[in-house]
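Structure provided below as structure tokens; questions to follow.
Here the chain labels run A, B, C, D and E in written order, and each chain numbers its own residues starting at 1.
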Amino acid sequence: MNPSVSIEMILLLAGLLFVLGIVGVIIRKNIIFMLLSIEIMLNAAGLAFVAAGSHWGQPDGQIMFIFILAMAAAEVSIGLALILQTYHQHKSLDIDTLKEMKG
Amino acid sequence: MVVTRHNPVHALLYLVISLLSLSVIFFLLGAPFAALLEIIIYAGAIMVLFIFVIMLLNLGKETAKQEKEWLKPKVWAGPTILSAILLAELLFLITLPNNTTSSQQTVDAKAVAISLFGPYLIGVELAAMLLMAGVVGAAHIGQHKKTVLHRFLKEEEPS
Amino acid sequence: MTSNDFFALTPLLLLAGSSVLIMLLIAIKLSHRSIQISSLLLFLISFSSLFAIQKILPYRIEPLLVIDDFSVFIMGLIIFSSLVVNIISYIYFEEKEESPKEYYVLLFLCTLGACVLATSQHFASLFLGLEILTVGLYALIAYFRGRHHNIEAGIKYLILAAFSSAFLLFGMALIYFQTGTLEFSAIARSLSTHTSLPPLFLTGFGLMLVGIGFKLAVVPFHMWTADVYQGAPTPVTAFIATASKGGVFAVLIRFFIAIDGFRYQTVMFVFISIAIASMIIGNLLALQQKNVKRILAYSSIAHLGYLLVAFIPGGSMSIQSISFYLAAYFVTTLCAFGVITVLSNKEKDLENINNFKALFWDHPVLACIFSAALLSLAGIPLTAGFIGKFYILATGIQSGFWALTLILVISSVFGLYYYLRIITTMFSGQQNTSPQKSLAHPVFYLISSVVLCVLTLLIIWFGVYPSGLMQLIEHFQIR
Amino acid sequence: MILVWLIGLLMGGGLLALLVGKWNKTLPRWISLYTLVIGFIALISFWFDNYNTVNIQPSNSWLVDFQQEWIPSFGISFHLAIDGLSLVLLTLAFFLGILAVLCSWKEITERVGFYHFNLLWILAGISGVFMAMDLFLFYFFWEVMLIPMYFLIGIWGSKNREYAAYKFFIFTQASGLLMFLAILGLYFVHGKTSGNYTFNYFELLGTTISPQLAFWLMMGFMIAFVVKLPLIPFHSWLPDAHSEAPTAGSLILAGLLLKTGAYGILRFVLPLFPEASIELAPWAMFLGVIGIIYGAILAYAQTDLKRLIAYTSVSHMGFVVLGIFAFNALAFQGVVMQLVAHAISTGALFIIAGMLKERLHTREIDQMGGLWLQMPKMGAIATLLAMASLGLPGLGNFVAEFLILLGAFKASAWFTVLATIGLIFSAIYSLRILQKVFLGPTERTESIKDFSKRELAIMTVLTISIIWLGLFPQLIIDTAKPMINKLEQLFPAGNDNNKQPIKPITIENDDK
Amino acid sequence: MNNLLWLIPALPLAGFFLLALAGKRMPLIWVAIIGAGSVSLSAIVMFIIGINFLLLPPTSGHYALTLWTWMDVAGFTPKITLYLDALSLVFVFVITFIGALIHIYSIAFMATDKDYSRFFACMNLFVFSMLLLVLADNLLLLYLGWEGVGLCSYLLIGFWYENPNNGYAARKAFIITRIGDTAMAIGLFVIFYQFGTLLIPEILAKAPALWQSGASIATITALLLLAGGLGKSAQMPLQTWLPDAMAGPSPVSALIHAATMVTAGVYLIARMHVIFQLSPMAQLIVAIIGAATLFIAGFSALTQYDIKRVLAYSTISQIGYMFLALGLGAWTAAIFHFMIHAFFKALLFLAAGAVIEALDHEHNMFKMGGLKNKLPVVFWTFLIGAASLAALPLISAGFYSKDQILWYAWAGQNGTPLLWFIAILGAFITAAYTARMVILTFFGEAKTAVGHIPDKLMTIPLIILAFFSLCAGFIELPHNFGKLTLFSDFLHQVLPETILKSAASGELLFQLLASLATFAGIYTAYILWRKEPERIQKFKQSDFMMRLYSFWHDGWGFDKLYNTLFVRPIIFIANINKNDVIDRIYQGITFVTVGIYKSLSLMQSGSLRWYIMGLVIGAIIILGLQIML
């Protein structure tokens, strides 16, 4: 629609977002933040899908986005439940306390 | 900003902003349906879940302080460099010339709906199962009261 | 959706339906035992439905699924392993968890996810299947909410799986961007217009590989394996080791055959390096490991490496050998984890290698079964693992991948060491003279033991007379 | 059909022993004894029935041939056949099997059923190896004999048994896998050239392979066999395995398992890759010679009796390699003789070591000495065995070693001279055993029993066999002859005409 | 007659088996009867066959009896065949006859030993092996006997096994002879590939046609065979075992280490004389070795305390004479000396054994003395033996045999003045140490009390042997004494005649010189050890003399040399390498693998962040690979 927003630019943006998400996952210690960062990554993927869909003029991209949305919802629900359990057990959401199994 | 905030609530708010801007982009890309969903489900539903949990666990300043301590250059330098490399690779590969023709056009909600309930019907069903799995799993894992009580009792016995 | 469509989908529908049914049964507060038995029956029905649908094969349900001989074979394997997992679960869960019933719902859902994977020919169904499987597994892994290890494993798996899913999705998006389609065959058509692989596709594929590789637990995406295997309830571990990997591998094969990826040297080079790294690192990691579940985890990394060796050459022989190896590996792994399950007690899983001391004298039958499974994993004759390895080596050598096969051989020598270590532990030590505790659930104990014996017999039967299975596999091929 | 019967007999007997062992401790012993005796008698009578045919028809060296489809899609069949060589080794296997059961009669008191199960299954594997004419089947049996052996060492061994068991298993398995690769390679090469994909030995015989590839394929086979044999740099599993294994285990290891390596070379490496083996011959002979001397020197240094004997095996097996790669009938016959004679003499030494261990609870020869005083019978027999081990004429080993050296001399005079020096070392270590164990002063006060009747019977049989081999080796020579003749024809260069004087060697002085 | 041949070796073998299997349970008298009886019977059979052979010589010159084919491999068909010709007959005669006497002697000598039956079993086995050695028609069978006698020698030297020194001596004997045997085995290989057979008559027949005289192959073969002979016959440089071998009982020393086994080398060379004839160089070497040995051993004998060691060195020395004779081509002279030596040396050993037993196992001559009257029979027989050893002119048999050798050393075709000079010097020393031995043992004051007087069974063999030591020489007389050549004529069926230099003359002169040397030796000994012992004391004060003395006493330092050159390095290497260097390689592999495992498992740190990093790194690598390629 707006010619100034080229598809490549959108892809680059998606890539950037994706990597930002990765950075978030890696450097944060709080599990909630990690989940949030993953949401960013999923968003980036969704963005890429939608962009590609509109690039080809197909609805498939958006459909995939919807599926991603569903998946994110399911995942977040379980993830948050797990976070609750973790917090009850460890009294902390620090990911580095979860190191009991190794070697 | 989401990545760098220490306070979870702040981070969440930034995320919402990011999501809103994404939805604008979706709109620009000619995907109004997706843009709406983004706002409603993501910014609405999912974020609320997050906030709910944060509130439930009462994560506030303490967490913020903790995070502050953790986020030191030596912790994030290495991963950031790695990510930078990955980003560089991605950008390099994406920007390599590719000669696909661009035919940008609006795909409205109707088109999406038609294909969603046409060829992707099974996909929808499967998505339903996916959500069911999520719900059942979350329900099971979330129901902790008995367990926790049990656990506390157990812990107290020896002490 | 025609009635034929429904008929072809029977197994999947049955699985989905059973999950709902079980949920309803839970709602009317049936006992654990009846739920277990009903789910067993439902699994049996789904398994038998596979035979029923054979008449109309191959059948495509555009655009998402394809049900052909190969997918039926893989689905058979998956449902079979779920069946076994289901059987051995009862005594495991009965004593440990106050609400073991949702477990069966999740098991059905996971199986469904794996089956969808095995039948998918479209990125959407791939993604959905994978996610159903994964989301189900999150809950299953962390099923014992009270245990530290379970939760830890659950969180680790959750974050990593979601992370890798993001990679997978991003990769898919890039491929979609490049080709304009999500269907395997259409992608192949689009690719055939290019002389070489377009870089966007390549990037997308590379990112997808991260997601797939994570699920398959190959080096360098293997790190979660041991922790999750250790943390998860043992039947779930068995499920992860078998069904989930089988499904993912099946879809990988299907994708590759569709786009004929074997001709792209770049991609194959990546696979070769992954295979080599998996074989070597997997085996080395298990070398002096003390925890049996972790050993099996590391060994599964190596086994996936072996499977990749069979995968790399491509061609019909490759598919056959993968099918055979998968079958052998499924049976063997189920057997091994089954033994651990049966031996686990209320407080703890039997996972430290020292707990296996003198097992030969305390539980001779179980120890023999376990040894048979381990020997099969090690690829010693008289067991299915041997024929499987033979198949793989034959495939590799036929296509001239000498170096790969050589590395396979060398790394499996390291593998020998730790398998033997377990066996040695089992017959070292003195017989436990204290009177044995009476079993809590003799019937289920018996059933589990019988199932394990059957599995052992299968291992040996495949090892001694593999022709039957081979013919079956030749019958169930991608055509 | 007799071949299938033999294997089935062993396996069935093993299972029966395993089952019976749950309830009764002596029954498994009798079961395995009967099983082996039946097999032995069957083989002997078969031998006598066929002894004349062997001599009359040297053109067809195969006595029995049994074939049955197994995995048809790969061209794998259950194909057993024996010729003279196999017959000799099979008989040896049953013979030593009987002795193994006898000599563990008192030694093994725990888990008797499982023990005999393992024992019989090892023998089944070994018999299979000696009969299999399908390469896949061969490999199959090759591995089948490992597992029970592993258990035998690992469960009933002495203190350091687990280490020894690992080492044994990993060495043999690793090398076996290389062989497996080579087998597969051969299979595909043959399949590609002829269009007929098969593991059948007879069909693979004529495969044309490029020299380069042939060499590597042969190396795959060779490594498996020389590890088993063991040749010098691959021998290090042997001392551990031998010293930790129970007596019967050592007996079977030394007597049979090592022989499978030599058998493999004779049966597979030479006929399948004649050119490549000629290429390898100097190196193999070199290693063989090194093995003879190195093994002997190491044997001298050992203080653990079983370890010492194990190193003597290394030394003796060096002769086998030397003989095989001399490529002439004399040496081949010597090799066959060496296989049998070494099995008996070293096996008997191991039995003696086991008996000593039973009585003294130690294997250290420094803690022995002067035992002749209390055990003159054992001393006398040990003397005889030590003499056999050092190659005293009139005993089996001499015939073997002399023939090997005589044959090898033609192939390479210098290696043979070096190998002959090994005979001096063998004298040194053999006499050291006698001196340290049986002669010398004794400080022991408690009384030690000489042979019991059962032990005496075992040793008598062994003694008689070793003398019989030394004086009347013709039976074995004749039986193995057709096979040897065939081999000989493969290597015309080594056998042109032995009446022809060799070129004068330019040795200045070889005087001692 | 031919058919009885197998009885000769079979009787002792049967004796061996009986004694070995049942000896422990038999009464002693039975053991003695079987042990000595079997050999005596064998001797009787030998006499019957021998007389038959002499009276009705077979046309082919030999008896042959094939028992069975040992093996038949690709053209290599050694048979178990007994072959009796003149040369074998002489040896068989010596073995069975002297063997029987020594067995009889042993009945009494060993009567108190607890391992009575073992002793006789071994002795019988020895006789059997030795007979096989000399009766073998092919070299492989000969080798069987050859090693068999080595085994028996080992068993008998170490007979009193409780003393570790005896075990050491036994092993030394076995191993040093084995070195020679090994060379001989190589010789057999060479012969087999040259002739395609190991059949002795065939080889002897073919050799001249196949080889030119002086061909290097002939020299090599001859030297390899010689090496075998050197080991068995305790010649330089393999002589060191024999003095130590005296650890065995005296009858053993008499039979094995004096009369029979140690002369196997002489037999072998005589048997294979054709090959040696084809190689003048080898023959020269034989002669030189013989001369050197007789010389060296003589000096060593002069310095020993132990009566048996004196005899041992004298044996070495006398065999040196035989080798000298062989080297000179004086085949018959060598065999003649062998026979005579067998008589007198067996006699000396048996007598020495009687003395030792009488003095309660005292071996040191300096603690003996004055036994002349206490043991008259022993004294006289010993004296006769000593006279024969010292080659007392005219009356002793030793004179005739040794004189023949001395003469050939001068006048034979290969003879040289130097060899003759050494030989005559040897004769002088021989006389000197013999006289010393007699003087120290039997004259002077008694230093040790006599325990018990020898039994009749012991003295009768002594007397018989003494008779032969005196009279056996008369069957072969030098020409100027009437030229009686019964013995050499008999042997010439097999062995070639000795060729004299054309200008050889003055035999009488040399006989006189030899006699002179003998008397000079005896006189020297008389002066030094009887009349003026203070001279010895004077020598002992000189440092140089003492060193020379101990040098000779230790057998010219050969033992020390071998110890430093061979024994110690090998033991050193063996002990260093006890745990097998090659095993270290595998241990290294294991170590490295475990190291890798440890570092890898460190990577499994359990930290989720690290795992994610792993994923990212993996992605980077994959993408990187794709960029690169």
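The working rule: contacts are C-beta pairs under 8 Å (C-beta built on N, C-alpha and C of every residue); 3 or more make two chains touch, one makes a residue touch a chain.
Predicted model, so just to flag it, every value in this text is computed and none were measured.
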{"item": "Taking each chain's C-alpha mean as its centre, the one farthest from chain A", "value": "E"}
{"item": "Gap in Å, rounded to a whole number, between the CA centres of chain E and chain D", "value": "37"}
{"item": "Centre-of-Cα separation between chain C and chain A, whole angstrom", "value": "27"}
{"item": "Whole-Å gap between the CA centroids of chain C and chain D", "value": "44"}
{"item": "Cα-centroid distance, chain B relative to chain D, in whole angstrom", "value": "69"}
{"item": "Sites on chain A at which at least two other chains make contact", "value": "7, 11, 18, 22, 25-26, 29, 35, 46, 51, 53, 55-56, 58, 60-61, 63, 67, 71, 74-75, 78, 82-83, 85, 89, 95, 98, 100-103"}
{"item": "Contacts with 2+ other chains: residues of chain B", "value": "79, 82-83, 86, 90, 93-94, 100, 120, 123, 127, 130, 133-134, 137-138, 141, 144, 148, 151"}
{"item": "Sites on chain C at which at least two other chains make contact", "value": "124, 128, 131, 135, 138-139, 142, 145, 154-156, 159, 163, 174, 177, 180, 202-203, 226-227, 289"}
{"item": "Touch relationships between chains, expressed as pairs", "value": "A-B, A-C, A-E, B-C, B-E, C-D, C-E, D-E"}
{"item": "Chain C - residues contacting chain E, complex", "value": "155-156, 159-160, 163-164, 167, 202-203, 206-207, 209-210, 213-214, 220-224, 226-227, 265-266, 269-270, 273, 281, 284-285, 287-289, 414"}
{"item": "Chain D-facing residues of chain C, complex", "value": "361, 375, 380-382, 386, 390, 393-394, 397-398, 402, 405-406, 409-410, 412-413, 416-417, 420-421, 423-424, 427-428, 465-467, 470-471, 474"}
{"item": "Contact footprint of chain A on chain E as seen in their complex", "value": "601, 604-609, 612-613, 616"}
{"item": "Complex contacts: residues of chain B adjacent to chain A", "value": "2-3, 8, 11-12, 15, 18-19, 22, 25-26, 28-31, 33-34, 37-38, 41-42, 45-46, 49-50, 52-54, 56-57, 59, 63, 66-67, 70-71, 75-76, 79-80, 82-84, 86-87, 90-91, 94-95, 100, 102-107, 111-112, 114-116, 120, 123, 127, 130-131, 133-135, 137-138, 141-142, 144, 148, 151"}
{"item": "Touching residues on chain E, where the partner in the complex is chain D", "value": "20, 24, 68-76, 80, 118, 140, 143-144, 146-148, 151, 154-155, 158, 161-164, 167-168, 170-171, 174-175, 178-183, 185-186, 188-190, 192-194, 196, 210, 215-217, 220, 223-224, 226-227, 230-231, 237-238, 285, 570-571, 573-575, 577-578, 580, 582-583, 585-586"}
